[in-house]
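In the two assemblies presented below, chain A is common to both, partnered first by chain B and then by chain C.
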Partner chain A sequence: MKRILFAAVGLLSLAGAVNAATLDEVKTRGSVNCGVSQGLPGFSSPNDKNEWGGLDVDFCRAIAAAIFNDPTKVKFSPLSAKDRFTALTSGAIDVLSRNTTWTMSRDTTLGFNFAGVIYYDGQGFLVRKSVGLKSAKELQGASICVQTGTSNELNVSDFFRANNMKNGEVIAFGTLDETVKAYESGRCDVFTADRSQLAAVRLKLTNAADHVILPETISKEPLGPLVRHGDDQWFDLVKWVYFALLNAEELGVTQKNVEEQVNSQNPDVKRLLGTDGKYGEGIGLTADWAVRIIKATGNYGEIYDRNVGPATPLGIERGLNNLWTKGGIQYGMPVR
Partner chain B sequence: MSDTTAPLTAPRVSPAQAYVSTTLREQEPAPVATRGPVLWVRRHLVGSVPQVLLTLFGIWLVYVTVPPLIKFFLIDAVWTGTNREACLPEKVGREVGACWPFVWAKLDQLIYGFYPASERWRVNVVYALGAILLLPLLIQQLPGKRLNAILFFGVYPVVAFVLLTGGNLEMQRFLIGSFSGSDLFAGAGTVQGMRVSFWIDFVVSTALVTAIAYLVSRIVAGPEAAPAAAKTTLSAFVLLGLVIFAMDIDVGLPQVETRLWGGLLVTLVIAVTGITVSLPFGILLALGRRSKLPLVKALSIIFIEFWRGVPLITVLFFATYMLPLFLPGRLTIDGLLRALVGVALFASAYMAEVVRGGLQAIPKGQYEGAMAVGLPSSLMLRLVVLPQALKLVIPGIVNNFIGLFKDTTLVLIVSIFDLLGSMRAAFTDPNWASPTTLFTGFGFAGIIYFVFCFGMSRYSMALEKRLDRAQRH
Partner chain C sequence: MSDVRLSGPPAASRRRWSWTDPKLRSSVIQIVLALIMVWLVWSFYANAQANLARLGIASGFGFLDNRAGFAISQTLIPYNESMSYGRAFVVGLLNTLLVAFLGVILATLIGFVMGVARLSKNVVIKALASAYVEITRNLPPLFQIMFWYLAVLSTLPGPRQSWGFGLQPLFNGIGSGLSGIGLGVLGAPISNFAASLSAPSVFVNNRGLVVPRPVFEDGSMAILYALIAAVVASFVIGRWAKKRREATGKPFPAFWTGLALIIALPLAASYAVGNPVTIETPELRGFNFVGGLRVIPEFVSLLLALAIYTGGFIAEIVRSGILAVSKGQSEAAHSLGLRNGPTLRLVIIPQAMRVIVPPLTSQYLNLTKNSSLGVAVGYPDLFAIFAGTTLNQTGQAIEIIAVTMAVYLTISIITSAIMGWYNKRVALVER
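Right, the complex of A and B next:
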């Protein structure tokens, strides 16, 4: 079944390559079609005001702001994991911003381009504070709850083998809720999943403060927005929206001070905000493209803090997602 | 029985047989309570040892389920709050049951989905109109059933469609293809041009199909039948044209794409469409399956067996992801429409078999009697067979309706958020994640589904009772 689907997706990507100029289509349509998840805490979920919110959602808003100067000109399509790629190849959406891991096969054979890594995720461990563990290296002999059929299951045994540790028992469950219930009821000492998921799961536990996520990350799950092959202008646009968000944070340009920063004498800020040079025209927009983005959504740090950061219920530290200048690996290419 | 003769025949009883009294026993006084709660309890709860055990088991069952539920949903429940903090035991300082503020906060989402807030009155009008038209239709004593039915089944869907979507279909082609000649009348690519193109196509298609119907019936059934066939086809097309024309009227309402619909709205749209389409189509299919015309019979059987043989999930998945691969070019069919068609076809096939069960229960004498008084077959079905057959299968029909209502949740797999889908999406809001959010949400969704399904069930039982009057003695 998977193979057939992939073959179908492959066929479609051939057909999809014909209709280029996504930006023109978006402009005539008057909105960006953005694929998001059907609900993932902190990344895309409907809020109390009946609007989509989250990291992935805000990125699409940033694209809309860059093009239309209006972050509401986005149409969100909630997609399941199965049909997200079909939706992108068939042209139903312009950009897929749906916590999708950047892998080689997706980037190449499926016919997509990843525009960047909006969130560096990875597998982590959730344990009870009362156990007194400080590091994943101390997990020797622990029983571990994991969702079956996920890469998490394979990663955890790899991790133990690589560190010459004996894992007591890996207990796999069919669904996420089942796995969480088993962990909560004490069937196992450790619950393992991607870190963003661990943070979301922790909220559902009684006395969330009694549980802690261990510092180690044992797998690479770079999540990012992707576009179809065959339209380099659109690919550039999405990519540079991402870089603009990062550069803005690095240069201290925020949603609040962006109006003042337009008058800044810092050459980097001037180039980013379009007061020096017309770099925005290179992606089919006007020179002040980045100003529109920052005004609408804020810089990367603001988006992060608003949706998943330490002040939100999820409370995920920046970690790898911090700027390269602050110990993370988020690195915006220079606007020059 | 033969008590009175017992004294006369008594001697013939052999000693090995039972004792038979030779005199009348004295009458015992009437029981203390022949009615009332004490007798009822004695008879129904503690009448015998198995009964006592069952009663104890029942009490135990109620004891272990009901108090915890009441405790969770009412006593320990949190009723007000603005975010998850209100439902966290460590913040509230006591055990926390249902987190009702979560449901209040998400109520709009559950009823309207992402339907724009400024346009929600349209959904409310559709809900209200539906209730106003449906209720008198269900109450037998009220007059004007024919007008009511025409309004509910004919006018209401069109009005609801225009209100919910905003009308203005933007159709370009009908059966044949778009007419580039229409560009002469209005600008190419404009809405007006597309509309002209559509209606030219419609008129040409109508003429063509009518001509084909005329010719075919002339060849198959002879020259006398041909004008009638042509007339039927033509009037069907005229009716269709009127409906499309009414739907296409631009009443000035902003368009609301079905992508934005959700929650209870989607559940009701799918369920009501499925229910109202499946009954007439099911009856037609059931009649077709029993037809003596081999082609009609074969087509009906193939249709029914195909749709009964594939799972609904497969149908929905296929319609959503595979169909676009086969359709030419940029032609896309609305996602909700695809799901609606899939559900309607599926439900029709099931309904057909239920109705066929009723048809088979009608004795042959009924048909023969109808024929003997000279009823043509259409009248025989309408006046004699169907009223009896349908009455017999009311429980089955309502069973299908209830099943269909609950099956609507499957549209979630094709990215349409029905009531349950909206609820699941609401669970992922980190501002409301708490240990009890999940249970509260599912509990609330369960209550809503129960209200609808229980309502249908009770109405069907009342209907059965009413129609059964002739058979009670």
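Right, the complex of A and C next:
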């Protein structure tokens, strides 16, 4: 089984010597190994031609574009919530871009660094309309399906405890598919996960209109890409790919106009696109690193709109994920 | 004892380095191998320590005291999310032991019945048993677990449409029947018990099987003592009956006597101390049933799948064991006037056990290890709780995998030891 394999690989590689710089390894290999979900529309899911797409997937493509000038040089590894960290620790993947919540223990004792927050989310509840619930506070005694190895599994216990709701049961399943299947079959009254995930799962259910997401958001779920401890250069690279996407949107640099923007006289645009200074060399790349990214994937806003925005089946408004200049909290650090 | 040296020159004069000396050669090779193993283990350990420190990953077993924070759907001991990872580990271990223990018993029963049925002269029974063995042995256990969970149990109705069964008429019938034949001492507590059941009290739905829960109040210990006394008594009767049969050839229905004792003694004790056991019946409140005992479908599907899958293998082992007993044995038994049942029970099976027990042990071990597949249907066993959720949350792969390995190894070694002891008892005593 994959889980055992990862654990074994994890043990062996922890016991072996892993020391080479990730960027050098990636360049020698010719592709970025990127951990994604096993299929979550809008974030990372394969289409009918088996091409991966989504917010998390596009972020990995942006990394590949920055390094190789080719967004297709990514190898995607679909991972369950439970196996994802072992895969990253063991070196099976270079970056985990899999709707993963930034928490303190993951950032510290588990040995990872989060490069940024690509999507600000929160946990919610999906229930059948026929149950006639108005609020999550009425979930006393309910059976709840959750995917194991997620922050959701912990939050739901806390929520029930904090609201003094007893007699419920939480059944934890190994993968998202198994969890959703159990909810659909009636084993559970409630399916709980991040709201974006609920929206995506709801669309996949046989009759989406029969299900409703309750209004409460019970937690903060800042989702972002993460890397292993111990390689600052690679951490910087992933972090600045994220900031480049945000800065490009803020400066109005898009996939279409990036060629013209290279000639822009705006000093911020010049530094971002490498016509002034050689900031890209600071992360082991060339000065025009950001041009390659934007050409391949577009800026953050374009990626958002393409995958989860109002024009997509998911139809999620920007909200918190808007730029800080437009009422959201997405904020790109300055290139300087 | 080798006497080679005695016939040669004195040993001291020949003690030189020589590859032609097989003893010296083999000890040198063994020492070198042992050193390589020590070096390998040490370098694994040192590398792991260095890499963990470099990656800034916590190590050690301190995490066992930390707050687990996750809920578990089946707990045999009190547990909630504010308890520690260590407690969660025990909960998972008990869940594994529960499903393995019941699975072994159920698989053995199914296996013996099916193994004997495959040798039946009745064509229909034989065909059914053969079909069972061929189907269950040749489908992967994970598939069978998913089949029971998704194709069978999940099609049951929801809590509000539960199938309800009333136990009141059943117990009432037994109680008044016993009283009717003059066994009021037994019948009265059963009738009392029946009166406390408000029908229906047993429910089956897609959340599991809900049954009334006995609540033990003051004086219940008397029932426990009576039960222990009954078990001891039936054990003694069994030994006595065996001895008598071997000495005189007269059979005695020890099994039925024992069963009657085990049922009757606790009932009589309960009556004597004034029926201290009350019943908590489940009732539908909100989403689910509240009160009573609930067996979750994750457990049922895992138990059924493991028992039925392993039962297929055990049936073949039993069949081969019976076939290994020569035909003359049953012919001799028949010629002594024994009917088919006693022949099988007293002559064939005891001899077949010698062939059956060793491979049976492997099947018990397989069943225990296969219980880790329960993670696929959300059964909270040791593997799911500890090597799954706890590993994911603490990231301490080395410690957790090592502990999990040690636990499965210990369970298996204990099982092997018990079966080894049993095997010695049934083995042919050679004179």
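Operating definition for what follows: the second predicted complex is superposed on the first by the 229 of 336 C-alpha atoms of A that agree within 3 Å, B and C clash if a C-alpha of one lies under 4 Å from a C-alpha of the other, contacts with A are read in each partner's own complex, and residues count from 1 in each chain.
Quick note on the criterion: a residue touches a chain if its C-beta (ideal position, glycine included) is under 8 Å from a C-beta of that chain, and two chains touch if they have at least 3 such contacts.
Computed from a predicted model, the values in this text were never measured in an experiment.
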{"item": "Which of chain B and chain C A:D94 touches, first, second, both or neither", "value": "neither"}
{"item": "Partner chain(s) touched by A:T86 [first = chain B, second = chain C, both, neither]", "value": "both"}
{"item": "Residues of chain A touched, compared between chain B and chain C (which is higher)", "value": "C"}
{"item": "Partner chain in contact with A:N47 - chain B first, chain C second, else both or neither", "value": "first"}
{"item": "First, second, both or neither for A:G111, with chain B first and chain C second", "value": "second"}
{"item": "Partner chain in contact with A:V156 - chain B first, chain C second, else both or neither", "value": "second"}
{"item": "Touching partner for A:E221 - first (chain B), second (chain C), both, neither", "value": "neither"}
{"item": "Touched partner set for A:D177, first chain B, second chain C, both or neither", "value": "first"}
{"item": "Which superposed partner A:D56 touches (first chain B, second chain C, both, neither)", "value": "neither"}
{"item": "Which superposed partner A:E250 touches (first chain B, second chain C, both, neither)", "value": "neither"}
{"item": "Chain A positions touched by chain B in one structure and by chain C in the second", "value": "11, 86"}
{"item": "Chain A contact footprint on chain B (complex, rising order)", "value": "84, 88-90, 105-106, 108-109, 112, 114, 117, 257, 259, 320-322, 324-325, 330, 332, 412-415, 417, 421-422, 424-431, 433-435, 437-438"}
{"item": "Residue ranges of chain C in contact with chain A within the complex", "value": "43-45, 47-48, 50-52, 54-58, 69-73, 80-82, 150, 154-155, 158, 206-207, 285-288, 290, 296-298, 375-378, 380, 384, 387-389, 391-395, 397-398, 401"}
{"item": "Footprint of chain C on chain A - complex, ascending", "value": "3, 7, 10-11, 13-18, 81-82, 85-86, 89, 105-106, 108-111, 139-143, 145, 148-149, 153-154, 156-158, 161, 167-174, 178, 181-182, 185-187, 189, 228-230"}
{"item": "Touching residues on chain A, where the partner in the complex is chain B", "value": "8, 11-12, 38-42, 45-48, 50, 75, 77-80, 83, 86, 90-92, 177, 200, 203-209, 312-314"}
